[in-house]
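Should a chain be cited, it is by its letter among A, B and C, assigned in written order, with residues numbered from 1 in that chain.
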């Protein structure tokens, strides 16, 4: 590998990182400004124009703790269901042969294709009127419980495992649970991480559904209360733009922190595979 | 492990009706594994979907429990109403523009960045966090920054100076849709990079070594080993990015404030929202939705045929 | 081939499912007009209205232990109408909502979600005694009150006195009453560079934005004509063309921006004027402002000028069991005393005939609200009926095209919009 190539690669990656990170940098700077500064200079922190007031204003109006807790419950519920049931389906779609497999996969694809706005009112009526799950965590979780994209990802990765692996193990008398748990799962760890992160984002950032299903402020996840805050406070805050950005930072921060923590687990998977290759 | 009859009972009855030892396939356990998912899909997805299709063919509006109203079957009337509206046609055209820009850009950039990231040794964690952050963050949050960067007196235009388009990006009927396409590319890229990164772990290193022995340079290796090696991921990326684009809603709703300027960035889903939820015509909205779903299915099947291969 | 059968299979399974679920909808008995007992209400989520709502509920509960009212903030954002619409369908709406947008009520009535307040023995009488002839605009086509006319926020022009002075304009008697004067003043403001925009109503495509640029001016110019009257558009007349051309000139001459400002343009000095309701008095404490009625072509006198009401009403929902209590509470909360508390807490105008005289004290203590209070008796509401939102959206789309972005001819575009709106108004 030539030096030139390595330099070029670093340059491209660094440029990419700049493009991806700059808006976030700007978000943080903007959220700390006493007065909005739209000029070029506004992109840099200025000691006379820094304040935490935008954040304390949010804290005054929203119960951040209960918002976080609700978001946590909502997200964890979805994550657990997806990781358990999603892996099972993904495995049976990729490795097992059974009647109805094609239909199931077709359904999983179909779920991807249909916009949520088409289903939302029938679903709302079903869950509140028929199941009586309005203002209830179950009702909040249900429509997202098993992430179909995650199912497809699991299937894709299980498909990439060599068939012989399973046949050999079956001949040795291993049952499917053992196969899945001991052999298949450890091999698709990148897929697990990918799917977990993907699944995490959905409910964490979802606004419309929990907004419809929760009437009580004490049940609302952070995304809902912050979106409400952003759309209501904009008219009255002393620096509406800063207030909006502060709301954005508060919503993004927990996810970013979690991701950075998860990052370690990520690297260890990579170390494993790079040793292998 | 042999047949498990318990699995058959939780499964939909149409499939389990017939008898015989192998009638559920070689591994009937698959049905048991999939049963929770199937129930889930049927309850929260298939039922509302079928209901939505029913709505599309009837003169329908939502009513309070107990209200008795006539909902006659109207054949294709809702479809005719919807698709004689130039705004609806335009919204489909807008999504076309979006896909033409977004999908190729997404695939190319994410595969390039992922393979670069895969080889880099320093700052790996940093890069990954950097690329993934936009994807992690709710649209509501990042849209605010983009609005600020891309408005008439925003930072981007100040840097561009005289090169800035007039009217500015998001209110320029030529630039509004490409701006949204760029925004979505930027926002979703992290996810696709991640998909490719995971796929790259499964490309055997021997292939690269073999290519090296054949004297292939970095670029040849990229096209002859990497690209074919991650094809399953590419199929997935194509599918997911097409579907994301077709279901575009949040961006025209927030970034261009309801599909402005004068409809240059409306999307079918935005119109569904306007007609179905704001204006109380779920029948017309469902008709748009049904057509959209059919179109996306066709595109997805075509993509699968041309990019897919074995399945 | 193989794939096609898969999709058909999926559809069949799904169709079987609908049969299972379709039968399981729960029935709900509808409430009675005389039933008494505990009720739930929602009030608006801005700070002042929350304070008023809590106080009113507490005052009621003290005297009515058996008819307890539970109040909470409306789950709102950009989309509170959506929540109400969905809750009607699901049958879990509260008894009363204090903040329903008149544009959405027609749909809810069609959905069977609203209680006809005229059915209460003293329903129409109470409403008309309180609001007088203004209540007329809130009747549906059959003359029934499905919404209780509650409060209005008549809109006016606010101007920044400091910026006017800076531009060398007379800040105490600004020339803003005729279209020609308004445009000339706007031009001076922008040419002198005191603000990048003379005025900046949101130039975006949401249906309701028409209420803050075209509609107040049309109401004024036409002497109080609704957008749609007796199922026919009215705005495709000279008054409509004039108001639209006035705005087109402002946009074409770059006196009004085509892009929405992220933040509050008036507060930030990015616009020298704004179209606002009485809520603005408390919001713009830091701006040295003055207020005038919206302009007309030839300058109508202030005490003759109509404007858009920006009213919010109270709706009673059919999901309510104890409608008798709900009605009693509604009357309680809109009594002279509670209306006064509302006015004092929020600065919004209860929709009463005798506003200026009943609360003369308040207006003399708070002169900045006086103009709004006076204006409150001459307001125009959005059209009624189940297709209001669609009609307003049709108008907005045409407006965005021809007025804001100056494409094509204003007259043709308004005429086309009128044709479309006539069709919508004829639909049931």
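Basically, a residue touches a chain if its C-beta (ideal position, glycine included) is under 8 Å from a C-beta of that chain, and two chains touch if they have at least 3 such contacts.
Because the structure is a prediction, the values reported are computed rather than measured.
Distance from chain A peaks, on a Cα-centroid basis, for C.
No other two chains have as many C-beta pairs in contact as A-B. A separation of 36 Å divides the Cα centre of chain B from that of chain C.
Centre-to-centre spacing of chain A and chain B amounts to 15 Å, using the average Cα coordinate of each chain.
Those residues of chain C in touch with two or more other chains are numbered 3, 7, 10, 13, 21, 25-26, 82, 89-91, 262.
Each of residues 107, 110, 121, 125-126, 129, 227, 241, 244 in chain A touches at least two other chains. Counting partner chains per residue, chain B has residues 12, 43, 46-47, 49, 51, 62, 65, 144, 148, 153, 277, 297 touching two or more of them. Across the complex, chain C is touched by residues 12-14, 42-43, 46-47, 49-51, 54, 61-67, 69, 87, 144, 147-148, 151-153, 167-168, 170-171, 173, 256-263, 274-275, 277-281, 297, 301 of chain B.
Those residues of chain C whose C-beta lies close enough to touch chain B in the complex are 3, 7, 10-18, 21, 25-30, 81-82, 85, 88-91, 107, 110-113, 196, 202-207, 257-262, 317-319, 386-387, 389-390, 393, 397, 400-401, 404-405, 407.
Per the touch definition, chain C reaches chain A in the complex via residues 2-3, 5-7, 9-10, 13, 21, 24-26, 45-46, 72-73, 75-79, 82-83, 86-87, 89-92, 262-264, 268, 283.
By the touch rule above, chain B contacts chain A in their complex via residues 1, 11-12, 15, 23-31, 33-34, 36-38, 40-41, 43-49, 51-52, 55, 62, 65, 112-113, 116-117, 119-120, 122, 124-142, 144-146, 148-149, 153-155, 158-159, 186, 189-191, 194-195, 197-198, 201-202, 204-205, 218, 232-233, 236, 239-240, 243, 246-247, 249, 269, 272-273, 276-277, 282, 285-286, 289-290, 292-293, 296-297, 300. Chain A makes touch with chain C in their complex at residues 36, 102-103, 105-107, 110, 121, 124-126, 128-130, 132, 134, 211-212, 214-217, 220, 224, 227-228, 231-232, 234-236, 239-241, 244.
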